[in-house]
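Each of the next two complexes has chain A plus one more chain, namely chain B in the first and chain C in the second.
After this line comes the complex of A and B, so read on.
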């Protein structure tokens, strides 16, 4: 390859730069510069109607004693860890069920499980709010008909968090299932056959063949699901509005409120910075834990 | 196959079937309920199917405020944004796959790395940046900034790496210009990945809520997802109309999915196996 590139060929250097230009411009103007602006803003006191003022670490000091922020922070972590673990298990189980040509109508089932992933989270929240309603929801109606006590799915703090987690798993499992199916199908079948001849149990070959061979898929799913979980906002908007109280309020919603409703851009930026750092830490931990370097090549 | 194995297989079928019901029930329940007249929606005893099929909710939804406006705004954003996204992302993918130039790997790493800086953590500076460029309250403010997508570039590059170099080389020897090679050789060869990126882009734009929320404040420039969220925000939710609106908002993506299913699957798996 190297030999064929004519050194000093103007077009060979200029052409790719021109092809990359629109993307580079957009990334620069709307991601990279804003990321640095965000960092700078987090050391400032500023809003649309308040003059810009450098305040050093004041925003971060105030954050430490900001009770509401820490509630939303804790909620986000609880939500993130629970959804990532549940999603990992649920999508892997679905993939295991639907990747070995054993279930009749395998393809149709795959499509079925993918359907929730197509629907906007706004609509998902609406649908489940309709289903989980205390008085008029179908689930509580069925429970009452069967002489069980109705459950306060969205009006009790703990239940509301649980509902939001379950709905997230409902909405996203299908997406990661497709990834795992691809990962499973890439494992050479001979490995399982050899293990069978050696008398390995199904569980042993799952532990010693499937899991190690799936390592890179597991990593991708973990990273994507984690980033996704920290971004959670839409579902909350229509399903619980962050309530009851602060029970399902996450950092993104708090940032939005402090910035655009309370007009405290600087302070909200310092919250965003904390969120960005947490995303980076979680992603790094996962890369380390699965013992694999980033490899897009 | 022995008895124990076949029993296990039956159990697996039952599990898959029950999970499929859990998966589809909410969608079907919303769909069926949207055809129940208002008087029937919360009437006890509840019935699964509407007793009187009624389109009145849809009539009400379509005549509600600017609903048709929201629909056409969303369609405009989704279609125009998809065209731009596909074009600039395959251009980048091509540059990263088929040219050797200083800083190539660095650029690729930075582009993929932007995945770790989602809109959610830079909402405020993005808002200020859009304000500076006069893009607030304009549909172009929703269309342009998210058009460069790391996943689109990644998919395009992975696909194009495997295109034969020989065709590009011989076109060059024949004196073809670089841009001509891109439009007349690379684009026709890349149809599958173009379809994949287009479909994901369309779906994502159709469903997006946060970008429009930050960019748009004028009522008549809002998108469907914003309208749905506003409708839920009201103190008294009119569920009948809301369910009809929700159904209307879901249908386009489901239709696109059913037509282009195989591109969906290949789009997701490219990232998963290569890792």
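After this line comes the complex of A and C, so read on.
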């Protein structure tokens, strides 16, 4: 009897811990410890070749009056909200179109929309720079050939921001589409049949069945897309270098510049901490807004 | 007895010498793999390996493990390796790198008998970049200069002898002439493309009598009449459509615009000679003297090779660097990479474009010394990106040139 209890304890407590241990070790080593190091650095003045010096909250105080940081912060928020909303809608629409096995060649379409998600964002950025370039870009070349005025895709601030949002959505919609397809295919078909018998319209079925049943998938997409958008770097640097001016410069690029060009690692860490807090707040809001469990059985 | 003692002591001394020398020889023969970090403007890594081939054959115990990194990631990677205590044995560095990495570099002084003899082999401008006090931190490999390259065919189509005109021209004369060139050539849209780089921009800045630092090079001081005039001139040319906005506002590559025949002139680095030599097939091009404003100026720069204080094989690294910097090696390297030599005693056997290199050298000769000293200052290099951003803000009409220069001074004061 005593022996059985001990065995039960091993299976219920120790075994799960042992299974989790490798992941916890990697997570701790590469995420948790660097995060705490970053926090510690944010209270320091430190360059690569200069000794660390504790400066308390000075870095955070300086951030308050750093005009460029707040421009990049505002740009990040605009980009993040726009891309997350567009990604959510576009990937859901694609999933709705391609999840019911009703369109001919549906699998080929799925693969086509998913392929951009497999391409490195650096390659995506370079390719789109060639497409959208003012003088050497393909689109403007075609416009000129057709006697239309070329468009300042990347040299006008508003157009440049719009361009990076569109390219981001193009590059990532396929990835989230797959998540939505999985979510949609998990919804029991009987629910739709019952709704049809009750005379519900397609929109009513979508509103009353699809959306509620997809709530957890929507939450995952929202959280992942938000985190991804706040961390956007490669695509932007290769496509616009943050320009024109500060028009598409985001916090991550500013962190890189301050750390590796200006050699102010402490100050850059304080920027990263602010970014981390903002991402955490956004994620929490999303959890609060969509996370309440409901039963549809 | 005394004789016997003398013989014994002599034998003992001789054996000691023999064994000691044997030990040294053993150490020399120890296999060494030198880690080399490199970036390419064109084909430099291949030519470097080709150039040191004979040295490696003569020193079979020495091997080279080369890592080529793209220039955009190079400085960051190098800094992380240095701060992690694991720098390469040899690295290719620019004059900008020297200002930020100087404290971690191993002085060459400790490995040569006569450092002043070594310094005398190279151009004073290159040595100025490589020196920190009395210490020589790196061997100069090639000198670089900013200058103007023109689409010769387009200028000829306009009936202008640009080679003759450029011997004495001012920016005003250039503007007048380049408008004729645009008019005379279908498809040519712009007069000038300037690299999206504060270093290349400083060519204009210095020519307009501007300065980036104060007189003793201790502080960044952009706010002066010449610098403000240069920014206003640069904006006017953008507004009038003589300079394509897609370079400074849209990050398009000016070399590609030049190669596509869209611009009449390109102000860039001397390494473009190599690029254009390979890529431009549709028209003739050549280097010309940069037009004059207050002064005529280029901006000197250079590439170097250096070893680090924490490098594992400093001794062998220094030997290889010295061999690579010899007259013969440098001539071969510069000829095959189409670069200006940093040595004073070379006669580089370029297979073509010798005239173009001569033009760049002429511009370098009339360039004031302070231009090199300013770019040596680490405080200026730290605001490199910020300078670019502020000039773009002016081009976009968001701020005035005066505001931009004041912002740059204020930002630099934070360091």
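In this section, the second predicted complex is superposed on the first by the 262 of 297 C-alpha atoms of A that agree within 3 Å, B and C clash if a C-alpha of one lies under 4 Å from a C-alpha of the other, contacts with A are read in each partner's own complex, and residues count from 1 in each chain.
FYI, a contact is a pair of C-beta atoms (placed from the backbone, for glycine too) under 8 Å apart; a residue touches a chain by one contact, two chains touch by 3 or more.
Predicted, not measured: the structure shown is a model, and the values here were computed from it.
Enquirer: Could you look at A:33 and tell me whether it touches chain B, chain C, both or neither (first, second, both, neither)?
Expert: In the superposed model, A:33 contacts chain B only, not chain C.
Enquirer: Which chain, chain B or chain C, ends up touching more residues of chain A in the combined arrangement?
Expert: After superposition, B is the partner touching more of chain A.
Enquirer: Touch check for A:194: first (chain B), second (chain C), both, or neither?
Expert: neither
Enquirer: Mind working out whether A:136 is in touch with chain B, chain C, both or neither, as first, second, both or neither?
Expert: The answer is both, since A:136 touches chain B and chain C.
Enquirer: One more residue to check, A:57. First (chain B), second (chain C), both or neither?
Expert: neither
Enquirer: With the two complexes superposed on chain A, say which partner A:204 touches: chain B (first), chain C (second), both, or neither.
Expert: neither
Enquirer: Have a look at where A:244 lands relative to chain B and chain C in the superposition and call it first, second, both or neither.
Expert: In the superposed model, A:244 contacts chain C only, not chain B.
Enquirer: Check whether A:16 is in contact with chain B, with chain C, with both or with neither, and answer first, second, both or neither.
Expert: So A:16 only meets chain B here.
Enquirer: Quick check for you: in the superposed arrangement, does A:157 touch first (chain B), second (chain C), both or neither?
Expert: After superposition on chain A, A:157 lies in contact with chain C alone.
Enquirer: Taking the two structures together, which residues of chain A meet both chain B and chain C?
Expert: Touching chain B in the first complex and chain C in the second, residues 129, 136, 241, 260 of chain A appear in both lists.
Enquirer: Residues of chain A touching chain C in their complex?
Expert: Touching chain C from chain A are residues 48-49, 68, 129, 133-136, 152-155, 157, 160, 240-241, 243-246, 257, 260-264.
Enquirer: Chain A touches which residues of chain B in the complex?
Expert: 9, 12-13, 15-16, 19-20, 22-24, 26-27, 29-30, 33, 42, 44, 46, 88-89, 91-92, 94-96, 99-102, 104, 107-112, 114-129, 144-148, 153-154, 165, 169, 178-179, 182, 203, 206-210, 213-214, 225, 228-229, 232-233, 239, 242-243, 246, 249-250, 253-254, 257, 261, 264-265, 268-269, 271-275
Enquirer: Of all residues in chain A, which touch chain B in the complex?
Expert: So the residues of chain A touching chain B come out as 1-2, 4-5, 11-13, 15-17, 19-20, 22-24, 26-27, 29-35, 37-38, 41, 94, 97-98, 102-104, 109-116, 118-131, 136, 138, 141, 170, 174-175, 178-183, 186, 216-217, 219-221, 227, 230-231, 233-234, 237-238, 241, 252, 255-256, 259-260, 265, 268-269, 272-273, 275-276, 279-280, 283, 292, 295-296.
Enquirer: Name, in rising order, each residue of chain C that touches chain A in their complex.
Expert: Where chain C meets chain A, its residues are 75-76, 79, 82-83, 100-101, 103-104, 189, 196, 244-246, 248-252, 256-257, 260, 262, 382-386, 389, 392-393, 396, 398, 415.
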